[in-house]
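What follows is a set of structures for review.
Two complexes are shown next, each including chain A; its partner changes from chain B in the first to chain C in the second.
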Partner chain A sequence: MARIYQVPSHTRLWLALAVLLCSLPQLVKGPPWQAGLLLLVILIRWLVEQQRMTLPGRMVRSLLLIGAVVLTFYSFGRLYGPEAGVALLVSLFALKYLEVVQQRDAYVVIVLGYFVCATALLFSQAPGMFLYVVLCMTVLTTCLVGINHSDTRASGLLHGRRALVITLQAIPLMVVLFLLVPRVAPLWNMQVGGDKARTGMSDSMSPGQISELSESAELAFRVDFQGDMPPRAQRYWRGLTLSHYDGRTWQQAVPQGQPESEYLYQRGSEKPDWYKRLEGRRSPDQQYYRYQVIAEPTQRRWLFSLDVPFPLYGDVSLAKDMRLVANQPVSERFAYRVDSVPAVSAAINLTSQERQLMLSLPEGAGRKARGLAHQWRLESDSASDIAQRALDYFRDQPFHYTLRPPRLTVDPVDDFLFRTRRGFCEHYASSFTFLMRAAGVPARVVVGYQGGERNELGSHLLVRQYDAHAWSEIWLGGHGWTRVDPTGAVAPDRIELGLREALENSEDGRDLLDDLGLRRFSDGGLFAKVSQLMDYVDFRWQTWVLGYDSAFQSEFLEDLLGAVSPVRIAIALIVAVTLLMGLYALFLLWHGGNERLTLMEREYWRLHQRASERGRPLEAGLTPMQLCQAISEQWPQAAIAADNWAKYYQKLHYDPVSLPNKQQKRHLRSLRNRLYKLLD
Partner chain B sequence: MQALDKALAQVGRVVLGKEEQLKLALTCMLANGHLLIEDLPGMGKTTLAHALARVFKLEYRRVQFTSDMLPADILGVSVFDPNTQQFSLREGPVFTQLLLADEINRATPKTQGALLEAMEERQVTLDGVTRPLPQPFFVVATQNPVDQAGTFVLPESQLDRFLMRISLGYPAPEVELQLLAGGDLREQVRELQSVITSEGLIKLSRLVGKVRASHELLDYVQRLLDATRSDDRFVAGLSPRAGLGLLKAARAWALLSGRDYVLPEDVQAVWPSVAEHRLSARQGGSVAAITQSLLQSVPVIRR
Partner chain C sequence: MQLPAPLRNFYERWLARRLPSARQIVLDQRRIFIFPTGYGFFYLLVAALLFIGGINYENNLILALSFLLASLFMVAILHTFRNLSALGIRNGDSESGFAGEEGALEIVLFAQRREHHCVWLRWRGQDGQQISIRRGEEESLWLNLPLAERGRVMAPRLKVESRFPLGLLRTWSYVTLDHYCLAWPRPKESLDCPADGGKENQEAFSSGQSGNDEFQGLRSYIPGDSLRRVDWKGYAAGRGLNTKQFEEPVGGRLWLRWDRLPGIGEEQRLSVLCYWILQLDQQRQPYGLALPGLTLAPDTGDVHRWRLLDALAGYPDF
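Entry: the complex of A and B
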């Protein structure tokens, strides 16, 4: 009869833990029946362990298998694709675990486990998930160590420690492989989590929409500036320009008869005239900001940038209204690099169709407002004068800046301007633009974010949903499109300090801040610090690890190797791996290949060495008490301290009632330190 | 433990100034091992053995070994009883609790072998009948190291049967003075009080097995054994049986020192008397010196 190689009992426990950990990410987000299946499998294994039942036979296992396949199909509608595939894999993994009898089966489960836990990275590449996968792999390695350990009574914790050491040793190798192995484009394009709903900008603006956004502290995007960062009051992150107004909602619009191909410039394609003019206006002595933006997924195409952006890197296009557009909907974190040059905006022209669009107003809305605008037009001699009057009007009349404005009734424009006079940025931007158009000045609404908060650790900028903002742009002949922010006239704090401070200073804002729980982000307390640190880690992870794509890699390899060729990469790989292995080998040789000394043993030899260095050389064969006597002979003043040490040591080391605990070891060390001071 | 101290004190009254050796002898008894005393005649070997027997209230016999002795002289012989028409065993001197085998190297190897076998097995087989020896059973054998004419030197394999070997040596001058001033030693031995019964001794030797030895200590013992094997000044290293004996003796020594766990000091204390007689040096070396030097060179704590 063939001998059955049993899995040692402590390793069975580790194996159960490994199966649970590896499946957990899938169980959390997958259909509930999967968690039920795994619980059932673990329950059965536990009952078998307790010898209350035998392992289920082929019939039951086959039924479970068919059930799992059917349920997977029922839940996902198919058996392939990332979600369904991983779900099926995890079910099969659990079922394979159910039939582990011999070591051979355990090996299959463990190897499968390495694969299963790595699939979690398909769905999330956050640093936390990476650490979690490393943890799973360590537990799996512990199982391997346990199975291969000859002493079946050895402690399972010891195996865990060994596995941890193995994992840590693998990390430098992992870094080398990460840096050097060429990135291969995926063979198939996986759209994972494609329909995730997130908060964020929408492509229109109606009263109440942006104030809703400002209740969320979710991250919108992060910016890493190379060089200077513009001051807060200048940081207007333009996202969308809205030019069509129906009396309530502002929407994006393209002038009639203008083809989109002319309207969008994609890097590398033919340059439209307006882009050539923009480029022509650039000169090296102009101030510009160079920065990289890492946008959170929005499932939309629009991106955010300052002033006039010139795209440098990333799959993006520039639209004629000076905003960036992604060429694909942003379904995962997305990086792009741009130069923003404020000075060139005058280069953009305004066609007659565009002028017509930027002056259009809905029929019948805002009669009183139109009258006011008409009056201003008669009294002023320039467009900028009209804008100034409008801003003065907002400043002088009792307008209030609030996140919870009263509802507007039939005619929102008049109702706001002459009755409620309490509103959020969208109200001001909307009514200002309306007034400008009514006074004959081409104007549009811009939505985006304003400000952003600097992460002190990473010196990058964090823009959250509550930084969402809306403002206006008016056309001034000779200047081009010019930004005017009517909110600044009502609540200068919003622009100078940010939303939270603006609310702090307003009457009803403070309570609101507490309601929304936003205050904790800025109070300088532990939460703020921790959230800054987490953000820093996440940001660096994003830029250095996830952002290390093939373009970045070839840039890095070029710096490292001079030129990138397969032979050079291969040589670099071989050299790096050999070097690392050599280092490990040296380390092993250095330690004589022996098992490491325990803390107690090191403790003794440290004292032995110190006494030998300071006094006469001592032989190796001294018991702790003899060592203490040798010390007392040479340093009579240390006799008592030495005796204390030796008595404590021999009790700890030779009385095998229990292993010395941490506290005892610490006490021993303090005794030795006291003794050290006397050996001079 | 107090009883043991008292026992030591009692024996010390007749064997003067030899505390170390007495403690070793007692250790040997506690460890349930046989003792070999190597000394010149008249150094108090017999007195020691006799005193030990008195103190532990052991049945005591003494056999002077000679070259014409036969195994039957020690083990006993089957005699035909004409009354019962059957053979009956006449037990030899080995059927006792403490046997003093004086000058064991004078007997022929055959006779020596018979005794040593009885020592190891703690039973005697005569005419196909196996009889157990009394409990406890100790042999204290003596050997004269100088007078080698007409002797059969015990080979190392046989010496291995003795757990320990000690030698008493000449007494210190002031002790000798005291000895000379004292009365008849034989009288004094007879006056010794028994402190522990033989049952008590058995109980104590069971306690020896309960003395704890940590993994670190076992490691030290193993390293000592290993050192004798890798040291080329020795003909051969110590056997695993010697190692077990060393540990047992160290346990007994720890018990005698009033501790319930073994220290490396205990191992070092019994080391020469356990190791020396089992080892032989290559030409020109002194076993005692080399064995002692190992204590200095073998690290007590793993390094």
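Entry: the complex of A and C
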């Protein structure tokens, strides 16, 4: 029994719209020939609808397919991989749409549409994109409704309404499933877009690098504090420590021959000595900060945290220089949770090899600076005293804090310290560390971010690229590594208020700010409020939706169910789905009041029902007289009473002049009750 | 797919018990079955693939999309069920036919509570017909019914099916209507007309129903004459009230009699009678029929012929 369904005319427009909407995200970012292909297909379909041409035959379609494959190869250089694969899928989607004749074809197009929607989410996970995909799903559902409605007079708009209702009802169910269906670990590993440009901080520091970063208002990471947030002046987000200096550039280094396992502690692996000491120093009455960081992708491994982080969850390791390292390069937004305990930093020891490294200086660089440092060393009796002298030097001499420092020539250290004296944080950190090392105090440069801005709506912290900062750490016996920020000596505003305020207060800063257009929430005004809201939505989306992984889920379920066990989850899932479905069933199958019986009808049905219960079942379509007869047959003793009832009923019910009044109704009821007694 | 015979019999008995026949049926949850279609299973497979994709790419939004597909499926269960639920079905008219040919039954669908879209109706093994009913309205469909044997052919079990709105699920019900189609006997040629009467009986019927015969003349109106026989044209022309009179055809009235066909089987008797009914009808002869237990007075015309044929079909229970 083969029926040939043609796709009904009221659905064709919806189908075209669905194809267009689903492909759009790929068309925007893909090669232009894809848009051309889709437009060509839509044009052909339109001409076919207008009966100006026939559907292209197998030959033309094959040629188009081969063309699409060739162009994909031409554009991407290959036919596999996410980008090329998606481009092929979208072309296939358009070509399948070209050959839709029967209902079957339309079904295939719709299924391809689901996949195209899914691939759009592969490349963008913004809330707007998800909303857009839900819209596409609604249109695809509309197509399903349309191709299943074979009446020619049906209205396309009604399909849309029906699909919208169905989708809206499906969304709460989707949320329930999203929250409760257990997350499984990946079956096999997949990575999308591994060869993206690296952004943010680099792994070395030379003059001008951080000031370049300062010109960007891009987001670096966001922090959600549980409980207190440290004051701005204490918010030093450590990223990297740089220990090797070649006269111009600071770089990461570890003492030669030290294996990674000795300075990097990965959760779950064997604990190195220094980590045991750190843990041993922890006590419950210490002040600590607990927070979650959501880092933007950098394609690098290092992460940012406050002093002495203890990772709670996330795929992260702790290095001996008290910073966090991701186990894989951060290629997507990445969340980790940390406890930071500033007090335990003294537990870290300094081996002799490390001391040697932290004192090393390049031959020949900064002769004058070395002289100055020697002088301080002779005049002071402790390392902290030497540091104080250095800071005083920056404060007292005419040093300036500026984003656009003059170029440094041959010897950057001496040139900066004694000639230009205009610099950004990296200049100060670099020269301060140099001076310390020259004076015999182990020191290193730390790069990271300082400060961050609070979103009042979400009470989370935003750290942007222009918060990038560099400072120093010196080794003090008994205190361990101690943070010293020479920039604070020159421009206290930078630390207390942030870069923007610091620049506003300096002479050349204001023009610069306008040039760069570094905008902030705190500017006030509608724009700021809107961008604050957008950021809040994005942040929550990030933490609650995209970050809803198995760890988060088990935490959530523990709050919800008390304890997490497969049985409990299954029960919660079944109960929630059943409740929702029951609610929908009530709403959908409830037939409202349109079937309400009139009083006389009720009177009739009551007797009918009673007689059916007591005796044999009666047919539904009896007249009152027939009902009376049926009763008399079964209960001869009730014949008279039944006859009385039926006659009175007819008299009342079919009286054309007036409706039965109260008294009459009561009489009818008493007749019925009398009759009841005789039915045994 | 055919089940083995014992299972099928068991299934048939179960269905017959579960869904007793009636003249009018309103579909409710006891009568409605629902199951995914092939496309529905395919759709679930797509949802499962997206779920695996979401897991593997660790992409929560693709997971959410797969959950959305699953949720749409679940909601579609209710919507598909709803499309058939509360649909009323009752007997309509019937159209008789000769045994071996086809008759037709009218099925009336009524929608008391809501609209019902794209409902397919069919007997087993036949092409279906599709219909949509708007709320508060009635629609009717004629379904052909093959008539194997003379007599009352009961309506077979009717399958009412719908995939609306998403085509992911199929919901159906079996309805056994207490409805039948009459199968007239297959005409059997015979040379002797099993009839008596004719010219010699002419007078006996002259005052009876002379409706379809040849016009004879006018006589003045007597109260009680049928108004349809009044010569209204003449009355309008001022010639007074007159009644038209008709004369019997030349052949006179004939009685087809069961008793005049002795010695052959019942069915054959009926077939011969059927043949002669058709013959006499073609000759425009008034004819009547006398069966054991039923006598139908002579007349002519389509309605008369049908009445007689129906009587033959119904024999012996009229």
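The criterion applied here is as follows: the second predicted complex is superposed on the first by the 528 of 680 C-alpha atoms of A that agree within 3 Å, B and C clash if a C-alpha of one lies under 4 Å from a C-alpha of the other, contacts with A are read in each partner's own complex, and residues count from 1 in each chain.
The definition used in the following text is that a residue touches a chain if its C-beta (ideal position, glycine included) is under 8 Å from a C-beta of that chain, and two chains touch if they have at least 3 such contacts.
Quantities reported herein were computed from a predicted structural model and do not represent experimental measurements.
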{"item": "Contacts of A:Phe178 with chain B and chain C, given as first, second, both or neither", "value": "second"}
{"item": "First, second, both or neither for A:Tyr114, with chain B first and chain C second", "value": "second"}
{"item": "Which superposed partner A:Met59 touches (first chain B, second chain C, both, neither)", "value": "neither"}
{"item": "Which of chain B and chain C A:Leu378 touches, first, second, both or neither", "value": "neither"}
{"item": "Partner chain(s) touched by A:Ala620 [first = chain B, second = chain C, both, neither]", "value": "both"}
{"item": "Chain A residues touched - chain C or chain B, whichever exceeds", "value": "C"}
{"item": "Touching partner for A:Ile166 - first (chain B), second (chain C), both, neither", "value": "second"}
{"item": "Intersection of chain A interface sets (partners chain B, chain C)", "value": "620-621"}
{"item": "Chain A residues touching chain C - in the complex, by the definition given at the top", "value": "1, 107, 111, 114-115, 117-118, 121-122, 125, 129-130, 133-134, 137, 141, 144-145, 147-151, 154, 162, 166-167, 169-171, 173-174, 177-178, 181, 183-190, 192, 545-546, 548-549, 577, 581, 584-585, 588-589, 591-592, 594-595, 620-621"}
{"item": "Interface residues, chain C side, partner chain A - complex", "value": "23-24, 39, 42-43, 46, 50, 52-53, 55-65, 67-72, 74-79, 81-82, 85-86, 112-114, 117-118, 127, 130, 132, 163-168"}
{"item": "Chain A contact footprint on chain B (complex, rising order)", "value": "212-217, 261-265, 268, 294-303"}
{"item": "Contacting residues of chain A [partner chain B, same complex]", "value": "597, 600-601, 604-605, 608, 619-626, 650, 653-657"}
